[in-house]
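One structure, pasted below without further comment.
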Amino acid sequence: MKDWDVMLTPYKQAVEELKIKFKGVRDQYQMSSKQTPIEFVTGRVKPVSSILEKAKRKNIPLNRLEEDMQDLGGVRIMCQFVEDIDTIVKIIQKRSDFEIETERDYIKHKKRSGYRSYHMILRYPVHTINGEKKILIELQIRTLAMNFWATIEHSLQYKYSGMIPEEIEERLASAAEAAYQLDEEMSKIRGEVQEAQQILSKKHGDNSRK
Amino acid sequence: MKDWDVMLTPYKQAVEELKIKFKGVRDQYQMSSKQTPIEFVTGRVKPVSSILEKAKRKNIPLNRLEEDMQDLGGVRIMCQFVEDIDTIVKIIQKRSDFEIETERDYIKHKKRSGYRSYHMILRYPVHTINGEKKILIELQIRTLAMNFWATIEHSLQYKYSGMIPEEIEERLASAAEAAYQLDEEMSKIRGEVQEAQQILSKKHGDNSRK
Amino acid sequence: MKDWDVMLTPYKQAVEELKIKFKGVRDQYQMSSKQTPIEFVTGRVKPVSSILEKAKRKNIPLNRLEEDMQDLGGVRIMCQFVEDIDTIVKIIQKRSDFEIETERDYIKHKKRSGYRSYHMILRYPVHTINGEKKILIELQIRTLAMNFWATIEHSLQYKYSGMIPEEIEERLASAAEAAYQLDEEMSKIRGEVQEAQQILSKKHGDNSRK
Amino acid sequence: MKDWDVMLTPYKQAVEELKIKFKGVRDQYQMSSKQTPIEFVTGRVKPVSSILEKAKRKNIPLNRLEEDMQDLGGVRIMCQFVEDIDTIVKIIQKRSDFEIETERDYIKHKKRSGYRSYHMILRYPVHTINGEKKILIELQIRTLAMNFWATIEHSLQYKYSGMIPEEIEERLASAAEAAYQLDEEMSKIRGEVQEAQQILSKKHGDNSRK
């Protein structure tokens, strides 16, 4: 029998540390009066029941879990605009407190189900009482609309054990399309907002000189 | 000069207590394996700069703030489905640890801007070191899609000081419509999910007897 | 088999609410520039293994737990000076958001082991998704020195399964005496601090008039 | 005028990260059923008013604060037994996620006032939105008794602006002596506890073989 607590403790620790780090990024943007690309951050360690279920489904031997199941520890960053995702990815690529193993852009190349998100697998050095250990953490970066849809899709997947009936799948797909349209429209407004802000700040500049 | 800390301390306390209480509702649903109507809970005390700005705009004398500015303390409950709002409202109406002063249903009667939410003003008894005090707290109940739109609208309102240009306002309105459609579609899926679950549980029932 | 999660959920909720409430008392004192009688607050729900062990030892039937085991939910308030305990007890007696079932003063009447603390059993109304429920919560009020000693005694009791060897028991007793002397000495200094502060504030008053 | 928020934000971030890291050490000990040397962890960023007051008193120019005032960010680890301090120091010396600048052992060499603690100045790499920055953080390691006394001494120092009257200073010194005696006695019990545990486990070993 596997001692899950022992195996998962470093993941719990890494998730807590990364949450504090990315929340710190948000706070630093807010402190410096710049619009933050990060809306909120969540994290979780995969429950043992889900690990077992996924290991069976994907045929992963239990002694290969730490390398082959790359979402034992997961952190999620939510943002308002699609463009923020790019900003966040660049912030993360510049950091040196972990390495990036792989990146998957499910935004440019969305999944057949309609799923959109930017995924990164990080190799994060955790200091445990037995020394340093480098473990894999999955980082998902999404807009609020992507997250909204994904949350609902996930609960339906869970309810239907991954076999969503075709009719509902079609509805999910069109909901995904609607979420996508929402993001698109928001992006257009974002551009205008930034133009408008430049115009306004110029006006203020002119005014302040009068 | 007003001592804001003294005035706002009970609101800070009430917001903390209500957050713990509504998060508790969510945890209790999850513990009892029922689908929770509450997705997450946030809260805040209105910053002094916003209080002053609103008092000026709405012509509220500073000695009338506690009765006339009903969102000094604010708590927000987010849910997945529009139908969850009703469930939450009923849970709240049954509680006896506060009174409900007023309710406003901006879902049945959405604002001209496209804003949708269910608002309740609670009179909440806080115990301070100077004795019990009953204060007003605004509770907003929304779906994730409503919240998504409202967050973006709020930041635009702030940027444009409440005077959003017509063109952008139109785009916001159509975005609000898209968010509404998303909620509608999700509600339809929800029905099917529940039907499907009943069918499935019947099937399982039959199976388990074989 | 008992469903412990269902039974203990209201206790978890009550402990969280009471922690927020007593931490609020501390924050309010600090906000109003008065010296706070509360140093810090902790809380816990009794682990199931400890419940079972205590039920066996004290001969409590499992269906009588909620009335007969009065520390299923526990909250602890720590303070600097023995005199603060009295202040805290009075603050708690004035509140109307719970009732006080019993009070035990193990400070005036310390236990044979040397244990000192002020205990209150509160009947606290928790609002669960099944309606209001009034449950018992044990509140312990102690100085830091009392807590220091009690923490160590507790771990020794645990290690020796309640049968501490006589020699060690004697040492614990003399340590308890030392902790008591520490509290006594601190109390004396406290008086002088307050006198000194009055003298100083008078001096400052004189100075400010020059 | 200095922008304190900008200067102190990395310290806030570092303190949060170190708190999570040392609490993690405690949790890992508890998870692996070993007695944890860490009882609890606290942290704080020095308030601006205290920075200014100390800069004046110690004659530190404001542009030298980050190098010359080494407790802008502070983390404190509390433990039960004096021996735990050594264990914690060794754990910290082995880590590679920060460097140790200096160590001061105010336990072997207590201050004239009676103050005892183990101090380390860490150089901690914080990742901010402007890149990596290595900042100084003061780490204090103490027993509960040392902390108890130090907390009270600190509040008296504050009240008397560092000029504690001789009579009270003498009382503080004898209280420090009492706290020291308490720690000494506890250490002696600790040894016995460990011997007793070895004897017990041997007995159990024998029993289990019967």
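Order as written gives the chain letters A, B, C and D; numbering starts at 1 within each chain.
Basically, a contact is a pair of C-beta atoms (placed from the backbone, for glycine too) under 8 Å apart; a residue touches a chain by one contact, two chains touch by 3 or more.
Just so you know, these numbers come straight off a predicted model, no measurement behind them.
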Recurring contact interface, reference A-B, options C-D, A-D or B-C [over half identical by residue number]: C-D
Can you check how far apart subunit C and subunit D are, centre to centre, with Cα atoms defining each centre and the answer in Å? 25
If you average the Cα atoms of subunit A and of subunit D to get two centres, how far apart are those centres in Å? 36
Distance between subunit B and subunit D based on Cα centroids, please, to the nearest Å. 42
Can you list the subunit B residues in contact with two or more other chains? none
If every chain is a node and every touching pair an edge, decide which shape results: line, ring, star, complete or other. ring
Throw together a list of every chain pair that touches. A-B, A-D, B-C, C-D
In their complex, what parts of subunit B are in touch with subunit C? 5-6, 9, 12-13, 16-17, 20-21, 24-25, 27-29, 31-32, 91, 94-97, 125, 127-129, 131-132
Hey, which residues of subunit A end up touching subunit B in the complex? 39, 80, 144-145, 147-148, 151-152, 155-156, 159-160, 165, 167-168, 171-172, 174-175, 178-179, 181-182, 185-186, 188-189, 192-193, 196-197
